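Following this line, the structures themselves.
One chain, chain A, appears in both complexes that follow, with chain B as partner in the first and chain C in the second.
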Partner chain A sequence: MARPARVLACTCSSAMLPLAGCAGIQSALVPKGGEALDIDPLFWTSAGVAMAVMAMVTILVAVALRGPVRWRQVLSREWFLTGGGIVLPIVVLTFLLVYGFLVMQAGATRMSAAGEHVVTVTGKRWWWRVVYRTPEGREVESANELRLPVGRKVMVRLLSDDVIHSFWVPQLAGKLDMIPGRINVLTLEAAEPGISRGQCAEYCGGAHALMAFHVVAMPAAEYDAWLAREAMPARVPASAEEERGAALFTANGCGACHTIAGTRAQGRLGPDLTHVGSRRSIGAATLPNDAAAFARWIAENDHIKPENLMPPYRNLAPDELRALGAFLDLLE
Partner chain B sequence: MVAIGLGLLAVSGLYNVAATRPHFRPVDHLIKFALRRSISLHSLGVLLPDLTDPALAQLGREHFATGCAPCHSQPGHARHPIARGMLPSPPRLEGAASRWETRELFWIVRHGLKFTGMPAWTGRDRDDEVWAVVAYLQRMPHDDDTVPAREKRTPALGFGIDEPSPLARCAACHGDGRRRPVHASVPVLHGQKEGYLARALSEYHDGRRQSGIMEPLAAVLSAEDIGRIARHFAEADRPAAVARPGDARVARGRRIFREGVPRQELPACRSCHAPETSAQFPLLDGLSGHYVEAQLGLFRSGVRSGTTHGRIMSVIAERLSPEQIADIAAFLDSGGERAPVPAEARREGE
Partner chain C sequence: MNRAGPDDLPNALPRPPGEEEKLKRVWATPRGWRILSAVNNTVVGVAYLGFAFLFFLLAGVVALVMRTQLAVPGNDVVGQDLYNQLFTMHGTTMMFLFAVPAMEALGVLLLPQMLAARDLPFPRLSAFAIWAYVIGGLVFFSTIFYGLAPKGGWFMYPPLTLTEYSPGDNADFWLLGIGFIEISAIAGAIEIVVGTLRTRPPGMSLTKMPIFAWAMLIFAAMIMFAFPAVILATMLLEIERAFGWPFFSAEKGGDPLLWQHLFWFFGHPEVYIIFLPAAGLVSMIVPAMARRPLIGYRLIVVALIGTGFFSFGLWVHHMFATGLPALSLAFFSAVSMAVAIPSGIQVFSWIATIAASEGRFRITTPSLFVLGFLAIFTLGGLTGVMVALVPVDLQVHDTYFVVAHFHYVLIGGMVFPLFATFYYWAPMVSRRRLSETLGRITFWLMFIGFNVAFLPMHLTGLRGMPRRVWTYPGDVGWDMLNMISTVGAFILAAGVLVFIVDLLRNFRPTAGGGGAGDPWGAGTLEWLPGDVYAARSIPLVRSREPLWDQPNLAREVEEGRHFLPNAPTGGRETLVCSPVEAKPEYVLQMPGPGWSHVLAAIFMAGFFLLLTVKLVVPAVLSGIACIIACIWWGWSLDPGPVKGDVPIGAGIVLPTYVSGPRSHAWWAMIVLVFVATSLYIAYVFSYLYLWVVSPDAWSPHGAPALPPATWPLASGALVAAGAAAMLLAGRRLPAPGRPSATAPLLLAFAALAMTGAVVLEVLGHWYSGLRPGQNAYAAATYMASVLNVQVGIAVVLLAGYAIARSLVGCLDAVRRVNFDNCAILYPYGAVQILLSLLLVHGFPRMAG
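Take a look at the complex of A and B:
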C-alpha cells in the first residue's frame, strides 16, 4: 500500500473504533428501557443542538475571514452581535435546561411508582450480591445477574459492604454509586425482553475491570415463574458424577464461602451458588456458564481474574474438576 | 608484583591441594584470620531471640545427632575416621560457644563456610529453625574424657536415620503419642490425616516444602516408607490436650475458627480443617500455638505457598492480622475443638 493510502486507512479505522463501541449490549445509545429511554432523546437533542451551533460558528468564522466585504459588514453590526452572542445562547441553553429538568423529573415520579418490586444489589470486591424480595416478602439470593420483568418498575437498592462501586447498566439507566453505609435507589424498567450488560463504573481495586453482570429482561409471567423457582432449594445430584462433585464441594471447604440452599454449605463470602447453573456467566460476567468453565474457574481463577478473593484449587485432578463442574452445572 | 607472583604459582600447579598436606603455616594463619573477620563482619545484623528454653536446645540436639554429628561427632562419641580426613577437618564443637559469639554461631550454621565443606542450612528461608541448633551448641556438654576412646561409638556417616526403624527416630522429636513433641515448634503427628502426612513427607522429600530439619530426614525415605509411616501416625490417637483455662484470647480464637470474620472475607477455619473434609486438609486441634503462628507466618511470607495446597491456605492466611493469629494460636494450643476423631474418618476420602 502506498504511504498516503496507508495513513488514510489508519486514520479511518481509528476514527471508526469509538463507533464500534456504540452498538451492543452495553451501549447507552441503544436504550432498552426506563431512564435510558428518557435520557436518549435528551442526548440526541443536546448532541443535535451542539452540532448545529458548531456548524454555524464554523461558517461564520469562514465568512468573517474570507467572505465578501458586504457579508463581513453585516457580521460586525451591533444587532448581529447582541442577537447571535447573547440572545441566541440564552434561548438555546434555557430550552435545554428546562427540557433536562423535565426528563429528570420523570425519573422522580417513576421512583415513587415503584414500590412493591424490590431488588437489593450489593457491590462486593469483585462481584455483585443480588437479593430479590418476593411479593410475599421472602428474600431470594442470587449473584452476578439481574432479572427484570418487562414493563414493571423495579426499585433497585444499591449498597456496598466494602469500598465504593458504581452500578451502571447503560441500556437501562444512568450510573449510580454504591457507597458503604448508604442506600442509593435506582428505578429500572425494561421496555422489551432481552439481555444487556452492566459494569462497575467506579475503580474499586484489583479486579475492577472484570466486575460486570448481565441483566436479563423477561416477560412478567415468565419472571414470576422464574422467581418462584429461584426461591426453591438446590437440585439434588442424580448421577454418580454429580454425587462425587457434591462430595468434593464439601471436602474442599467450598461451603466456607458459598451457600447452596438446602445443603450444609452456608458461607457468605462468595456468590450464592444455589442456582448458579442457570446464570449466563460466572466470575461476574468473566467466563461463560458451562461445566468446562466451572472447572477452569475453580483451578485457575487467579489467572482468569487476577486478585479475586477465591483461592485457586490446583490440587484437584482433572477428573475431580470435571465432577465439580458437572455438579455446579446441575444447579439450575 | 605480588599479583604476578601468585598468578605464576597458580599456573605452575606447584601449590599442593592435597588434603593430606596442611597449608603452610603463614597461609593457614591468613586464611583463619580472614575467615574470622568475615564471619564477624557478616553476622553483625543478626538479632538474637530468647534462647533460654531448654526444650529448644533439646530439639537442636536431636537435629544435631543426624545433621551435624556425622562430620563433627557429638559428646560421648568419637570422630568418624572419614570426617577426620577432611581438610580443614570438622572440629568437635564442645567448645564452639566459647570460641564464637552467639550471632556468629548462627551465621556459620545458617550460611556454611566456603571451601571448607561446612554446609549451609538446608531450608533456604528457614532461619527460624537454625536457632534450635545454636541453643544446643551453647549448652553442649563437654566430652566425657573418663570413657576410654575405644569404647566410644562413632556416629554413622549417613545423614538421616541410623536406627533400625525410622519411627524410633521420629518419636525423638514428635513424641510418642503420650509424650508431647520435644519442642513447641514440632507438630504432633499422631491422629493427623493420612493423606496430609504422606503429602507433607513427599513435599519435604522433593524439597517443595522447606525445612532444614525435616528435608534431610524425609530425603532418605522411600515411597513405601512414607506410606507406611503416614498410616502408622494416622491410626494412632491424638495425644490428650493439655487443659488450659480458657481466657478471652481463646474465646476470640474459637470464634474465628468456627465462624470466620465475614467483614474481612475470612472464612471459618473449621469448614476446611475438620475430620470430614479432604484427607489433604490437616487437622489443627492440638497443634501448639508456637507451631501455628510459625506456619501461618510461612504461608503469609510465601515460603509455604509454592505448592498447590499451600497456595489455598496462603490466600486465607494473608487475611489474618497478627492479633487474630495470636488468638487462633491460643485457641488451638488449648486443645482446639477436641472432638474425638474416629480413626476411620481420618482415612477416608483421599
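Take a look at the complex of A and C:
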C-alpha cells in the first residue's frame, strides 16, 4: 500500500530548548517536575549499583578464569559463595528497597497535597479527551494537549471507556494506566515552563504508536488567563474563506462527532475543536497544527493514522479542504 | 569412598549370547516414514528440539522484519496492522512455541540419558505432546501469512482482545495456539515429574541427582501450578469472546485486571520456567569444563527451589502502573528483589567452580556460551532489580528499557545456555561433533550482535520510546539508537546463520543412541556408551559424578554387568525405583512405536482448529475421533501381571506389574490432580476477586435470589453417594478370572451420580432466572459448573473405559490400574463439586 510520508509532530519550541533541539522532550533522563525529579536520583543510584555489581562480577570471572592460583583458591571457598551470593545481595537490595520506599512515600505525600486543580484525561482510541475544571467549577473541554500551571500540584484523573491506555509524560512523572471501570489519579507538578511530550504507553491496538500529546507548562498567571480564554466559545469566522469552511463543516456533518462551543456542532465522539487552532498538533501529536495539515488530515487521515475512527473525506475538492483548514486554524 | 570390587557387580560375565541383539531388536527405531510412529526419547527429543529451533528461527525472522521497520523514523517497510501482528507473533512464538518447548525437549532428550533410564515412563505421551505441539504451532504461525495472526500483544490484555475491539478470528487463533502449548506442557510436566522421581538408576538418591534433573523437576512442578492460571484465563477469555459471559467487561461488573492477575500469575513463573532448566544446563557444563564437581551443590538445589517458590509471589510487578494500592506494590517490590538472591547464589557458585578448576577452566565453544550467559544474564538480572523498584518501573515500564531488560534475561538466561547445550551435548546424539571453529564464530557474532542490538535499547527506553510502536518521530532522539539496534540484530542473526551452517555440515543424528562418544570427559551418566536401548545395563550409582568416581563404570555398563542388561519380558522396559532413595521396585513395561498417539494428536489439533474457524460439526467429529484414538492408545497399557517376576541382577527379583501408590500411573494421576487443583484454586480466586471488584453484582442485590438450598443439597448428596459407590467398587473388584457385575454397576452408578450432581447445579441456577451473560456474578457462578463439567466428562470417560475393560475381563482385583485412575480422579471431582456448591451457594448468603 502506498502511503504518503508521515511527519510526526514534535513541535517543540527551539527558543525553549536552544541546544538540544527536540531530543529530550520525552526523556525520563531530563526530568522537569514532581515525581520525575524524585525518581531521577533513585534511577541513577540503582543504575550505579547495577554497574558496580556488573564490574565486580566481570572481574571475579576474569580472576576465576585466568587469575593466580592463590586468588582462585580464595574464590572457591565456601564463605566466598555465601558472602557474594547471599550476604552482598541482601545488603545491597535492602538499601535499594528502602530508598525506593522513601520515593514512593514522597509520591503519596504529594498526592495528598493536591486536590484543588483537577484535570480529567480520558484515553480514547487513539487520542486523549482532556477536561479542565475551572476554579468556579466549570468544565472546559480540550483534547490531545495538557496545559499545566508551573509550581502548582495538579490532580490528573485518568479514565478510559474503551480499552486500557497508559498516560505517560516522562519529563514530569511515571506512567499510570487508564483502565475501564477504574479511576486512577496522578499528581503532576511542572517545575519550569516548557513543552514536553507524552505518549500512550500501554498497547491499545491499531494506532497505538500514533497516540501522543504535548504538555505545555506555563507560569501560573498565564495559565489562569489561558484557562479563562479556553472556557470561552469559539472565534467566529472573519474572512470569506473561513465562512465557507464553517459552512462546509456543518454541511459535511462534522458536528455529529465534534463539538465547537458556541455553534450547533455538539458531537461527542471525536475531539472537541473549540480551540483546536491553538494546540500544538493535530491527530494526537501526529501532524503539526496549521491550515495545510488540517486539510491533509480531513482528506487522508486513514493513511496518516491507519485505523483511526474518523472517516476520510476524499469527496472534498482541494479548495473546500483549504477552506476547512482555514476555518479550523482560526479556532484559537 | 567404598568402591565396589568387580565381584560386587550385579551381573556376571559372560553374558548369554544374543542378549544384546534382542535388546537392539526390542528398541529398534522404525525406519523410513514410519519414524513418525517412533517413541524413543532420543528420536522424538531431537525432533522436538528441532521444531522448537525452527520456531526460534521463524520468530527471529519476524524480529528482523520489525528491526528493519524501526531502523529509521517514519519507515514504511511494514504497515501498522502487520507490525501489530508481527510483535504479537514474535512474543507468543518465542515464549510459547520456542522457549518452553525447547526446555521440555531437552528434558525428553537428556533426562533419560542422565538417569540411565531406557526411556521416559510414558513414551507415547511425550510423542503425543510433540505432535500436538508441532501441528498446533505450525498452523498458529502460518496465520501471519494470511493476515489472521493475533494482534493483541503476547499478553493479550482485555478489553482490547474482547470481540468488541478485536472482531475476527485473530485473537481466537492466539487462544488456540496457547491451548496446544498448555496441553503439551502439562503432558511434559507429568512425564518429567514421574521420570525424575521414579526412573533414576539404583543408588541415585535425590541428593545424587544431577542438577539438571533437579531443575527439570522444579520446572515441572512450576508448570503444574503456573499453567492452570493461564488455562483458566484463556478459558474465561474465549468464553467471553464466544458467549459474552462478562468476566472482563467493566460495565457488567467484570474487571480487565482479573486477566492481568491470572496471566501474570502464570507469566512471571513462566520466565523462571524457562530460566531454571537453562541454569541447570549451565550447572552441568561448568563442572565438566572445570573437571571438578560443582561447588555448592546443595545450595544450588535450595536456590532452584527458592526461585520456584518466590517466582509465584511477584506477578504484580508487571502491574505496578495499574494504580494498585501502594502497600501491595511494596510487598511485590520486596519479593521481586528477593528473587535476585537465589540467582546470586548460582552465579557465585559457578564462579567458584570455575576458579576451582583442575588446571585452568577449559575454553571451548560451550564454555564461551556459558561465559556469555554469565555476563548477559547478570546484567539482565541487575536491570531486573532496577525495575523491581516501583518508582523506577513507573518510568521504564512498557518502554524499550524493559524490552532490553527481558531480552537480556531471556536471551542471556536461556538462548545462550541453549547454544552451549547444542555444542556440549551434540556428540551424545550425533555421529559427529559440531565444529569448534564455527562454534566460536557463532558465539562471537551472537555475543557482539546481541549487545549492539540490546544495550542501546536501555537508553532508547529512558528517552521515552514505548514498546510496540510501529513508527516514531525523527526528532525526539531515538533514531540513531534504533539504527544501532537494527545493525546489532542483523549481526546476531548472522551468528545464528553460521550455526545453521555448522548444523548442516556436522550434525548427523543417529536413530536413537550411540553418538560421537564423550569428548569432554564429563562425569554424568548421559556420557555412558549406549545404543538404541540407551545404556546396555542400568548402573548402580554411588556418587554425583559416577563416571569420575567409578573409573570402570563405562566398561562395566557396556559389558552388561549392571542391572537389567536384557529384556526379560521380551518388550521395552525400564527400572522403576523408589522416589527418594532410589531402591529398585519394579520393571516397567513400556509401549513401543505406534500410531494411536499420533492420530490422537492429529484429531485433537483438528478439533481445536475447526472449532476456531467455527466449523462445529467437523470439530465435534474430530473430537470423537480423538477420543477413539486415545482409547485405542490406552487399551494395551494395562497388561496385568502376565509376565510374572523377573531377575534384574544381584539376586534381585522384581515384579513386572504393580498397581496403587507404587505404580507410575498412580503418580501421573496425582500430578494431574495437582493440576486440576491449581486450576480450581485459580477459579476460586477469580470468583472472590470479581466479588471484591463488584459486590453489587452479587445475589441477592444485583442478581436473582439463589435457588433454594434443596438444590445444592441434592446435588451434594448425589456426588457423595457416587463417591461412596466408587469406594465400594474398589473393594468389590472381582478376583482374576471370576467376572462379576458388581463393580461395573457401582462404577456406572458413580458416573451417573456425578453427572446428575453437575446437571442439577446448572438447572437450579437456570430456573432461578440467572443467565451467565447477565453480569460478572452470573458468569462466575456458571463458570464453577464449567469446571465441574470438565472434571465430570473426564470421570465419565474413565469410568466408561473401566466398565468396558471389566466387561471384557481385563479388570480385576490385581489388574486394576484402569480402575485406580478413575478412583483417584473421582474423589477429587467430588471434593471440587462440593466446594463449588459451598462457594456458589454459601458465599453470597454469607456476604449478602
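Brief remarks follow.
Following the convention adopted for this analysis, the second predicted complex is superposed on the first by the 296 of 332 C-alpha atoms of A that agree within 3 Å, B and C clash if a C-alpha of one lies under 4 Å from a C-alpha of the other, contacts with A are read in each partner's own complex, and residues count from 1 in each chain.
In this text, a residue touches a chain if its C-beta (ideal position, glycine included) is under 8 Å from a C-beta of that chain, and two chains touch if they have at least 3 such contacts.
Since the model is a prediction, treat every value here as computed from it, not as a measurement.
In the superposition on chain A, A:R197 makes contact with chain C only, while chain B stays out of contact range.
When the two structures are aligned on the shared chain, A:L210 is found in touch with chain C, with no touch to chain B. When the two complexes are overlaid on their common chain A, residue A:A225 makes contact with neither chain B nor chain C. Comparing chain B with chain C, the partner in contact with more residues of chain A is C. Contact with chain B, but none with chain C, is seen for A:G255 once the two complexes are overlaid on the shared chain.
Of the two partner chains placed around the shared chain by superposition, chain B is the only one that A:N315 touches, whereas chain C remains out of contact. By the document's definition of touching, of the two partners only chain C reaches A:T58; chain B does not. Overlap of the chain B and chain C interfaces on chain A: residues 125. Considering their complex, residues 125, 247, 250-253, 255-257, 267-269, 309-315 of chain A touch chain B. Within the complex, the chain B residues that touch chain A are 260, 262, 265-268, 271-272, 276-278, 280-281, 308-309, 311-313, 315-316, 349.
Looking at the complex, you find that chain A touches chain C at residues 1, 3, 5-10, 21-29, 35-36, 38-39, 42-43, 46-47, 49-50, 53-54, 57-58, 60-61, 63-67, 71-78, 80-82, 84-86, 88-90, 93, 96-97, 99-101, 103-104, 107-108, 125, 158, 162-164, 166, 168, 170, 173-177, 179-182, 184-185, 197, 199-210, 306-307. Those residues of chain C that touch chain A in the complex are listed here as 73-74, 76, 79-81, 84, 151-153, 157, 159-160, 165-166, 249-251, 255-257, 295-296, 299, 303, 321-323, 326, 329-330, 333-334, 337-338, 340-341, 344-349, 351-357, 360-361, 363, 371, 374-375, 378-379, 382-383, 385-386, 389-399, 462-477, 693.
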